[in-house]
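Same chain, two partners: subunit A is paired with subunit B first, then with subunit C.
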Partner chain A sequence: MTRLSRRDFGKLLAGTALLGSLPSSSFAASEKPVQGGTLRVVMGLEPATQVEILQNAGGAGVGGRVVEGLVTEGLDLSIQPQLATSWSVSDDGLIYTFKLREGVTWHDGTPFTSADVAHTYSFLKDVHPRRRNTFANLVKIDDSDPHTVVLHFSRPAPALLPALNANSAPIVPKHLYEGTDPRTNPWNAKPIGTGPFVFREWVRGSHTLLERNPNYWAPEQPNLDAIIIRYIPDAVTRLAAFEANEVDIGYSTPVPIGELARFKNNPEFKLDTEGYSLGGGLNQIFFNLRFEPFKKLEVRQAVAHAIDINAYIAKVWQGYAIPSPSAIVPAMKHFHDASIKHYAYDPAEAERLLDQAGYPRGADGTRFTVRFTANPFMSQVIDGANFIRSALAEIGIRAEIALYDHPTYIKKLYTEGAFDLDIQVLANGYDPTDGIQRGYHSGNIKEGLAWSNHAHYSNPEVDRIFDEAAYEPNPEKRRALYVELQQILHRDLPAVNLVQYQPVTVSRAALRDHLIDQQNSSTSYARAWLADGGA
Partner chain B sequence: MTLLSRLGFLLLKAVPTVFIVVTLSFFFVQLAPGDIADYIAASSGAATEEGTSALRESLGLDRPILEQLLHYYGTLAQFSLGQSMRFDVPVTELIAARLPSTLLLVGTSITLALALGIAAGAVMALNAGRSKDRLLSAVTLVLYSIPSFWIGLMLIIVFAVQLGWLPTGGAEKIGSRASGFSYLLERGRYLLLPSLALASYYIAIYARLTRSSMLEVIRQDHVRTAVAKGLNRWQVSLRHIVRNALIPVSTMAGMHIAGILGGAVVVETVFSWPGMGRLTYEAINARDYVLLLGILLTSAFVVIIANILVDLLHRVLDPRIGARA
Partner chain C sequence: MTPLEIDPNIARRYREPGAGVFDPALGSRNRWGGIRFLKTPSAALATAILAFGILTAIVGPILRPGDPLRITGEPLIQPFVDWAHPLGTDVLGRDLFSGVLFGARVSLLVGLSVAFISLVVGVLIGAIAGYAGGWIDWVVTRGIEIFQTIPGFVLLVVLVSVLEPSATTVIIGLALISWDAVARLTRAEVINHRSREYVLAAETSGVSGPRILFGEILPNIAPTLIVTASIIVASAILAESALSFLGLGDPNAASWGSMIGSGREQIRSYWFPTVIPGAFIVVTVFALNVLGDALNDFLNPRSNG
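Let's turn to the complex of A and B:
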């Protein structure tokens, strides 16, 4: 009963806000948030557990709605406070001191303290595939003051802060995780957090239900009464759900990419491309450098010259991508080297290089045949494989596409090395040490390890730059190192970098203030509200 | 042989069946390249050597294959289906959450398929060669040849998107507090489209089957006798023709249950129906053989029980069957 009346009150408020601001042209800015309503989020992938302490899965669980990090990244990539209110770094880059927010309680009523942070980080270091790197040199966590956490590193950790958000390193309560195996802790499936919404239920295969946290630390937040996260695995059914007004928002291009145009021209919907900078989505082709013909640089250059990047963006990505000729995407603006350009689209030059390399066209016009694999994670990558196959056919290279499911793909590429060309979406992540190093550092040529250096690229100069930059506390020096790295990679060409693809968020226009940080599908919705009170 | 001893015999027969199902499935899963550690690495987009090998060790994947199989038999011997490797919860818990909605979907589909199929088949047989027969023949041919996922998508576009009468997917209204009749009505709204999509192919089969077996029965002596006795048209049709024609149909329906359970994967995906089909798909994708074997075992039991029920139904339809045995 109270819920209904609150929603009606909200509608009334919205009405007055609208009337009051009609004469002004900028009424959007003066709108007052409507209280109440249920937000319906659609996800394609259902997570195996609800908190991201074991992995960064494609499908977010409860995310920042229920669990929080020490900091969060604003849309401009600036680091902003969340559970930490302020922080400082020692001059040598070895000691990070975080002041924690006071008066915060877990959803079960227990006070949140520095012991929770210390306990979470110490087990993330062991179980999380990415935080193992982040915290590799973390030697001591000082939690003697309940509202201060001090992290002591043995080597500088310049990439630390962007890894401490709600998605990468969510803080979970020590009193529920202490003495348990975090991998099998039952609270992973019914998380207790400090966030603006409280976990209510997870019906596997169907949905997760969250309700408003009345004791949230930020005053007057959140606006919404509840959030339903629905898991709909089929993209066409998600499209139907949007059209039938059954969902309010979906992330990472939730509908088939060719259907985005319909939403673009519909005033009831909004398309957003912001909020994906930390993902660093990069689409590239790796060469297997162990075997002929791609052992030869000329052959790799020929492949680069055979690709018309503008046609590739238009046909494969329907325009939702920008060229990324370098290994560090433009979105990672602190490190991206904009001076690098794609190899010119020039099939004649490509043919000349192949002739020179000793691969003349045979009687049937084919120079040689290669095994071409594609990452099954996104359907556009498979479209991309078909595009590249045609482009290579033009210059006399026959590429035979082999499509596998996920585990087979990993086994074939990373254990058996059974490929010549591999079209990938190996993401940059939030920092070069997170997503790029693994693909090019010779120390990461590891048979059987997924996402390792499967091209078998080995250049001592590149290794040196990676090792130096990882611990370089000076931002300018760090950038200079990574610029040098990008130029070497562009010259050596262990991979042809194609595009930074642009994931799209589709939402109902009535949903406001949902886009406040770089967390996309893990965002907290702390300030989000529904102008029509929800459908 | 009494009914009870027959049931006992059938259940006894199920034990070697289950043993074969488990052993064969175990080896089939092993044939697929990659394992759960590869899958987790692939889906999370990150992996470390230590993490991957620790995972393999904790799940016993580093042991010889025969040892893993014996370990699984050991788990079964304790009347447990084990712990899912992907979800870290007991397999029985995952199956118990999904089985009811799949049984509901499959049960409704079979009922719909039988009711509509037999009705259409009877109309066709009684009007053989006439326009009604031709029209229904064409309709069944269409249903027979169109894949269920496409029918599902078309049903969604027409009834959920265009007309807005029914939901696009899901199994029930989330957070609904409806009870009693309105609850059933609400569930029915979610159930209708997926069960129609799943039933479509079988409607066609049962219609064709009913038609041909009725045409065969119509020519038999007992039907002529019944007409000669002076029974009216309806009594002859229902009691003497349809009832006899139902035996091949019910036999086929019993055999189809396994197929419908399999077909549920596609329909459950299109309608985001939280059932076993999708769980199976996830288990295969993740190479979670403990979960997969649990599902296969459960499905085998469902099929065995369904066949026992069909057996019993046959005795009702044709009392000679029980007597002969």
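Let's turn to the complex of A and C:
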């Protein structure tokens, strides 16, 4: 029993009175932002370059803090203005007209005009792996008016707007990129943008420093004086950094997933799951359809029947995932087909299917041995591989896990095709044309190309749907096409889709108004502020 | 036996007094040596621990049949709570007791194989270089130096990441970074013994080079090599654990290091998935080091002071 002295009791009373006297609205969103302070962001992977014009790895570089896009996506997935103030689409879906914000200057003082947009988009079409697809049918960019950009497409581009944000298609200044190879332009490492923060320095292996842009186009923004982005590759070290109050925010589950509970119960921290809808994180198992035994549909069905998805979510993802039986994740609600369910967890049925397929158990109980690869990008995928390996052992399939470092993994899978089963986190992206098509379209069976159709799945019907839906301007018809596609994929089973995982943002509770869009780690922090002025 | 071969007993008489060499033929020490050795408390303890380790490695599969990586229970059961999982379970629900039993096999297999391979290779190369001398010695010494200048663990990491990670790869990689020390030691010892009188005596009696080397010199330098072997076993177990900890071991086999690696992320909330296999490594390596010291004291009278 705790003994309380009279003096302690008096202190306790005074404390309670003080607490009671605080206005109840002190934690409401209507608080007046505090000016100043330095925000400390922690990231796991240090980017190869600071501007996202060559890749789309997500969360890399300075993001929307320094460079901006024409538009941004709100938390409700609505398209909101950024460098464009308004836009319109012609009825045939071929011409997009953007009105640009006036009075915007680059960080070096040069005025921002439509020529910058035109120049950036024309080279993104060549160098950016994903915008190649977005701008494939872009035939002409009209920048004759300095505050208007008109994009002319030869075929409708229904998925254009979500691809024009600060992370997917950041606008960089024409006067620094004209006449250079954008891949090797030195300004990629010290970007000049239009965003709320100015790039100051990048110390490789340590951090990137950004400072407040006093001439930002949005009045009274930003609130913060500076942002420091620290690179800490190890999750346990990041956990220690949070607990030692050395960082304020980290994205995509910055700490070991099992340790999130410690933050959940700590009032000094806040966990957020919003802001990840454009990523479409999907965890699935691909089969190599070129070889026996997974050439046979029954064998693939048996694998699907061997997985207890609820146990998988609880053990591998510690609850931070929801079932995604379909190739299009539930987060992509315009297209997801909720009528598709996982194959029932039924090991007996799985065994029956394997017997039927001609793979009886051998003398040691094993039916056959397969090579099982796992994407080393996330530790949960390795855990997932161990879970699936154990589940397959129950039905007599010996799955031998082979773990490689990232470059070797890509070479083994996409160049050599040296796998039978592959547990993967091939994300959906913001649109089926962005993240799903690459994995299943037979036109994307490309030796040596990472994240292509390595299962060698080929179905003319699926190809037709992808080709049609990509240019279908009518949202209803587009949805119908993708629903049909999901049902075919569920039947053909070139992959068993497991879960849509939920990345979590960990932040100090003193950090406010940082969650304003779907950009997660690339967000601008234009309105963010630190209630305690920063630690 | 060739008629010119000298009686080893004659050769022995020419040995320097107090040279401190191990003599397998010396009756008294040989007959009672084992027991006398075990009378040292530290040596007895180390031997007992290692004997127990070898025993668990052998009976482990009988106690806990099946693949230790199978998910058999709820995740993160505390140790000594559920007798179906006496040491608890890890984050995926794998039994830690099965894991450490299987890990003992992996560790001992790796440790003993590495020691065996590096002894065979190292002794052969070192002995030939030391005995032959001349340009052969020069070439071999430079070769050993190349291996000694490469940071061993870095070479090991590169090897297992380039090759497929498996127990065989790990054993070969570890042998590759361990043999050079044996070779250097053997060479030095052989050069030391080469000019001793018993060797000269054997030579004058016309005993062939290989016979002198393997029949006379090697038995005399055996104690040093036995001590070295115990250290190699210990460091091989440590290196294997470090590799598995980094995720570079065989992903299809439980090992103490890989158990620590997968438990590391929960260490702030759950101590047992890391501490239990860690304790097994500490105890085993400690026992091997104590054994090495005790053997050194026992076999090398000069170090007794």
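Heads up, the rule we're going with is that the second predicted complex is superposed on the first by the 506 of 535 C-alpha atoms of A that agree within 3 Å, B and C clash if a C-alpha of one lies under 4 Å from a C-alpha of the other, contacts with A are read in each partner's own complex, and residues count from 1 in each chain.
Criterion: a contact is a pair of C-beta atoms (placed from the backbone, for glycine too) under 8 Å apart; a residue touches a chain by one contact, two chains touch by 3 or more.
These numbers come from a predicted model, not from an experiment.
Once both complexes are superposed on subunit A, the partners subunit B and subunit C fit side by side without clashing. Judged by the touch definition given at the top, the superposed model places A:Glu246 against subunit B, while subunit C stays out of reach.
In the superposition on chain A, A:Ala321 makes contact with neither subunit B nor subunit C. Once the two complexes are laid over each other on the shared chain, residue contacts for A:Leu209 go to subunit B alone; subunit C is not touched. Touch counts on subunit A: comparing subunit C and subunit B, the chain ahead is B.
In the superposition on chain A, contact of A:Leu515 is made with neither subunit B nor subunit C.
Using the contact criterion defined above for the overlaid structures, shared-chain residue A:Ala169 touches neither subunit B nor subunit C, since it reaches no partner.
Once the two complexes are overlaid on the shared chain, A:Thr408 sits against subunit B and subunit C alike.
Using the contact criterion defined above for the overlaid structures, shared-chain residue A:Ala450 touches subunit B, although it does not reach subunit C. Residue contacts after overlaying the shared chain place A:Val236 against subunit B and subunit C alike.
Here the smallest spacing between CA atoms of subunit B and those of subunit C, following superposition, is 5 Å. Overlap of the subunit B and subunit C contact sets on subunit A: residues 236, 404-405, 408. Taken in their complex, subunit C has these residues touching subunit A: 67, 69-71, 75, 91-94, 161, 164-165, 247, 251-252, 262, 264-270. Of all residues in subunit B, those touching subunit A in their complex are 32-36, 38-52, 58, 86-89, 94, 97-98, 153, 156-157, 160-161, 164, 167-171, 174-175, 269-275, 278-279, 285-287. By the touch criterion given at the top, residues 38, 45, 48-49, 55-58, 127, 129-130, 132-133, 183-184, 188-189, 203-207, 209, 226, 228, 230-234, 236-237, 240-241, 243-244, 246, 377, 404-412, 427, 446, 448-452 of subunit A touch subunit B in their complex. Contacts from subunit A toward subunit C in the complex involve residues 235-236, 239, 256-259, 261-262, 314-316, 379, 382-383, 385-387, 389-391, 393, 400-405, 408.
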